[in-house]
Amino acid sequence: MSTVTDTKKAPAGERVADWADGRLGIYTLAKANMRKIFPDHWSFMLGEICLYSFLIIILTGVYLTMFFHPSMNEVEYVGPYVPLQGQLMSEAFNSTMHISFEVRGGLLIRQIHHWAALIFLAGMFVHMMRVFFTGAFRKPREINWLFGFLLFFLGMFTGFTGYSLPDDLLSGTGVRFMQGAILSVPVIGTYLSMFLFGGEFPGGDFVARFYSAHILLLPGIMLGLVVAHLILVFFHKHTQFEGPGRTNKNVVGMPLLPVYMAKAGGFFFLVFGVIAVISAIASINPIWALGPYRPDQVSTGAQPDWYMGFAEGLIRVMPGWEINLWGHTLVLGVMIPLAIFPAVLAAIAVYPFIESWITGDKREHHIAQRPRNAPTRTGFGVAWITAYMIMLVGGGNDLWATHFHLSLNSITWFVRIFFFVGPVIAFIVTKRICLGLQRRDKEKVLHGRESGIIKRLPHGEFVEIHQPLSQGELHRLTAHEQYAAAELPPAVDENGVERKIGRIEKLRVKLNKGYYADDNQVAKPTVEEYKEIQSGHGHH
Amino acid sequence: MKKLSARRRHPLAAVVVLLLALAATGGLYAAFAPAGTAKADETAQSLAIEEGKKLYSVGCASCHGTGGQGTTDGPSLVGVGSAAVDFQVGTGRMPAQQPGAQVPKKKVIYSQAEIDQLAAYVASLGAGPITPTESQYSPDGADIAKGGELFRTNCAQCHNFTGEGGALTYGKYAPSLEGVSPKHLFEAMQTGPQNMPSFPDSTMPEKEKKDIIAYVQAVNGDKADSPGGLSLGGLGPVSEGLFAWVFGLGALIAVAIWVAAHTAKAKKS
Amino acid sequence: MSSQEIPEENLPAGQDTAHGAVMVADDPFADPGLPPHKPRIQDIDERAARRSERAVAFMFTLSMLATVGFIASYVIFPVDKIVYIWPFGRVSALNFALGWTLGLALFFIGAGAVHWARTLMSDVEIADERHPIAADAETKAKVMSDFAAGAAESGMGRRKLIRNTMFGALSLVPLSGIVLLRDMGPLPEKKLRTTMWTKGLQLINMNTHEPLRPEDVAVGSLTFAMPEGLSEHDHHFQTEIAKAALMIVRIQPEDIKDKRELEWSHEGIVAFSKICTHVGCPISLYEQQTHHVLCPCHQSTFDLSDGARVIFGPAGHALPQLRIGVNDKGFLEALGDFDEPVGPSFWERG
């Protein structure tokens, strides 16, 4: 690189960078990205919570693999925990006991691993909802939405396989449930079960098999998806909320170097720190209290981790339908929940494509919408969350029963009914709230902000003084789009020839009206309205 | 709809909404709260039978009949034994206060001497399990680990891994074992109060009951070790999930708000 | 449905014109552009900036101290030391100390960095332009022609034999992988239909490991049993008990509503499979007054006084009953295997 004639040597850092650039082309990469702009909003950091908890899980997981024995060989416990001494257990359980009671800091790492997993999934859920309610999944981000959804979906199964590894009485019960669910699959269920468990349940293989899925297969795929997800975030540049100077054609914020390097880098440590403190003060999955798995033992309050609670709810409230025909059994009572579970999740995954078909909108969108300005979508989102949450309640019906002194059976019936009714109510109520908020925005634009100052007029009337908004604020509240609902073209075209309109197009137009018809949005204040009120009435 | 919208801002609107919400909540609770009829069972024997009989006719006879033969309001006490009386009255379950899916634990209103008299009287009505002596139920020297295994086979299905209790059908429940004395644990296993099945000595010998008592004392309640920190009620993934959402994600979002917030600007001078 | 079919006027109002430029000179709603940057106190007052600097350095120092604390805790606290700390309870001293020190060491690095960024790094907002993601027509044309040229040169279109055999080879080769999965487990055969129980096996009390006698089982009691000859130390114990576990209760014969149940009992002693017919949890929450037994996993409820039929919840059929009797030594024994598969339903169950 540098020739002999060079009099001054470049500083060491620069020489290293030159070396790398000559091989990796890092300067071109840095040119585009070093001062990349990220907008500031707390809700844009939810994804970072997920990313960092994922990294924490990988770090702590690697540590745990050094002590964990993924084997189901029976051993007798001889460790320090008295209430289990002499008990028969699998090596998996035994080594988890060893990590918890004999490896210094092992318990802490186990708890960090598990708490971070719960937070990872919760973070993904909230992050996904943020993206949903602000319409940030619209073109060009649909693929990234799917990547994110896949991460959530795979995260649930990575979590489930990890939860099953210690082979304790609680997780074993969960695995038993899974095996029963697999058996319900028509035609091939028994074969699947035999192959997965290496024979009859529980056999001696599933811990080792789950282990390879939990530490290699699933996290490997997830890591790839995370990288792809991040590359796309960089490539698309982050969305931003409307505001003065913030348009669909720019992104306003602070540069990656130095501000976001410090903020995002610092946030990693903050997330790790918070999770470490939680793991210091709160116990999670105390397997010593649960005991080793035995297929003939069980405890009440047998639940999966929260992210499987939705599936658990479905399976709990389903009526026990079973059809026996021609020597075969169709186990609807298990199959139907097993099918609804991915279907409900898929509903949210494909939503971006449905919305873009209904609206016919093919443009790029980089503005994060305020949820109120998309009432129908917001309604759908809240309805979906309602269904999800009701099933989460169903998944814990026994604990709600004991803690609120209710009858288990009544809660089950409540969940059965409200799984269907709840989302409808939620949809209607949410849409009305959104329209109300739109109306309030309009009032605020036209009449100004309520100042809380009461003035008495000469003739004795009391009025509240409204303060006019700044232009930036006026712009922010009026910058959203005003939509025109789709109309079917006239049945006869200009030449008098009958037009053929497909049924699908008719459906699309109908749905489009549900999004954009006049009663589904509040007309934006116009400049004329504003001027008339501002000049005509004066401030009030 | 217009009218409703117009009245939304009426000063009393909030009050109306609140009342509606309260009525709805109350109504739902009333609809779903378990109802049923009181069921209970009782027993006793020997020495101060006379004293016990007096106490019995004042406190118990209205439901269990003057001779302990039982009525529609309470089961027969013939043959339930003194252990059942000692448990039911000693934990305050009897006398029952009001009908419900299950008679709950309450404040004990009889002294131990009175309970013994009642037990003696009920025991005299017919032979049944006898109130255990301390040497029978004391967990000293018992095998905790064996007790744990027995607990998971026989008890955990209703009372949870560490005896935190759990739900049964139609509003009934298996109570928490926290703070229950060894004697009452022993009596409950022996007599099977209310809907709990009994675990008589013929299928679960006295020594095994002691093991179970020792295990419950080792793992249940505040005195038990919880190396990882807060035990979160010992209820498993539901309370862990709630904790992760409220305190875990809650704390992280609070931190995120701080990270993303604009720094305070200097006032224009 | 392609976008071309949608009339232009049905599309939402164009967005591009609504942004960026001021449309009407006196439009009160026009975008005023980025507000002017206002300085923070640290930008104009060097003393305030120094205070921030010290705060950041203080946090980094706290982090260092916490790491020292972590190492010290690791060395000082024995792994089995339990201490009472309000309100957390009797916790492991080591876990508590390590968690807090590690947490604080990490947290203060993060807090320091963020405080640094928030107070000392420039907070001037910068706007980055966005560019359309789709390529322009020229690029697209180039790609298309390159692709056409490449495809033509490969001869894929012309030499169909090559193409077809290649697809054939590629689609067959994954079969080897699938074939290799065959030995993951045995075929189901009749495995799910039979249990260890056969005629003459005594019922062994799971608590005492002694055979049960009828007089041991009192009305209102609950007992669990396994087949004679099975031991917890057996290699196949888990797999066998997963099917063979029994729940034994005694009901007054006149309270038994189901005729067959009474026939298969011994003087009111009934033996039911402990494995739920829903998805296989060990069901055993027996209410001795109602004779209901509830599954703790999914709340299927069975009535043991009526052939263990399902009265609530997701289970599809009754719990299988084991026919029992008494052998000549006076112990309870099985009179055969269950007459139907135990546990969850499956396709071949019938």
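As written, the chain order gives the labels A, B and C, with residue 1 at the start of each chain.
Throughout what follows, a contact is a pair of C-beta atoms (placed from the backbone, for glycine too) under 8 Å apart; a residue touches a chain by one contact, two chains touch by 3 or more.
Source: prediction; values computed, not measured.
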Chain pair with more C-beta contacts, B-C versus A-C: A-C
Chain with minimal offset from the mean of all protein Cα atoms: C
Centroid spacing, where centroids are CA-atom means, of subunit A and subunit B in whole angstrom: 38
Rounded Å distance between subunit A and subunit C, as computed from the means of their C-alpha atoms: 15
Averaged-CA centre spacing for the pair subunit C and subunit B, given as whole angstrom: 30
Sites on subunit C at which at least two other chains make contact: 88, 92, 95-96, 99, 114, 118, 123, 206, 224, 282-285, 296, 299, 312
Multi-partner residues of subunit A (at least 2 other chains): 101, 107, 111, 263, 266-267, 270-271, 274-275, 279-282, 294, 296-302, 397-398, 408-409
Residues within subunit B bordering two or more other chains: 153, 157-158, 166, 168-169, 174, 226-231, 259, 261-262
Subunit B residues touching subunit A - in the complex, by the definition given at the top: 29, 31-34, 101, 144-149, 152-153, 156-162, 164-171, 173-174, 215, 218-219, 226-232, 234-245, 247-249, 251-253, 255-257, 259-262
Complex contact set, residues of subunit A against subunit B: 40-46, 48-49, 77, 82-87, 100-101, 107, 111, 115, 118-119, 122-123, 126, 169-170, 263, 266-267, 270-271, 274-275, 278-286, 289-291, 294, 296-306, 309, 395-399, 401-402, 405-411, 414
Contact set on subunit C toward subunit B in their complex: 38-45, 82, 87-92, 95-96, 99, 114, 118-119, 123, 205-208, 212, 215-218, 220-224, 249, 282-290, 292, 294, 296, 299, 301, 312
Contact set on subunit C toward subunit A in their complex: 1, 3, 5-7, 9-13, 15-16, 18-20, 24, 27-35, 74, 79-80, 88, 92, 94-100, 102-114, 116-118, 121-123, 125-130, 132-133, 181, 184-188, 191-192, 206, 224, 226, 232-233, 235, 237-239, 241-243, 245, 274-275, 278-285, 296-300, 310, 312-317, 343-350
Of all residues in subunit B, those that touch subunit C in their complex: 39, 150, 153-154, 157-158, 166, 168-169, 172, 174, 192, 194-200, 202-205, 208, 222-231, 258-259, 261-266, 268
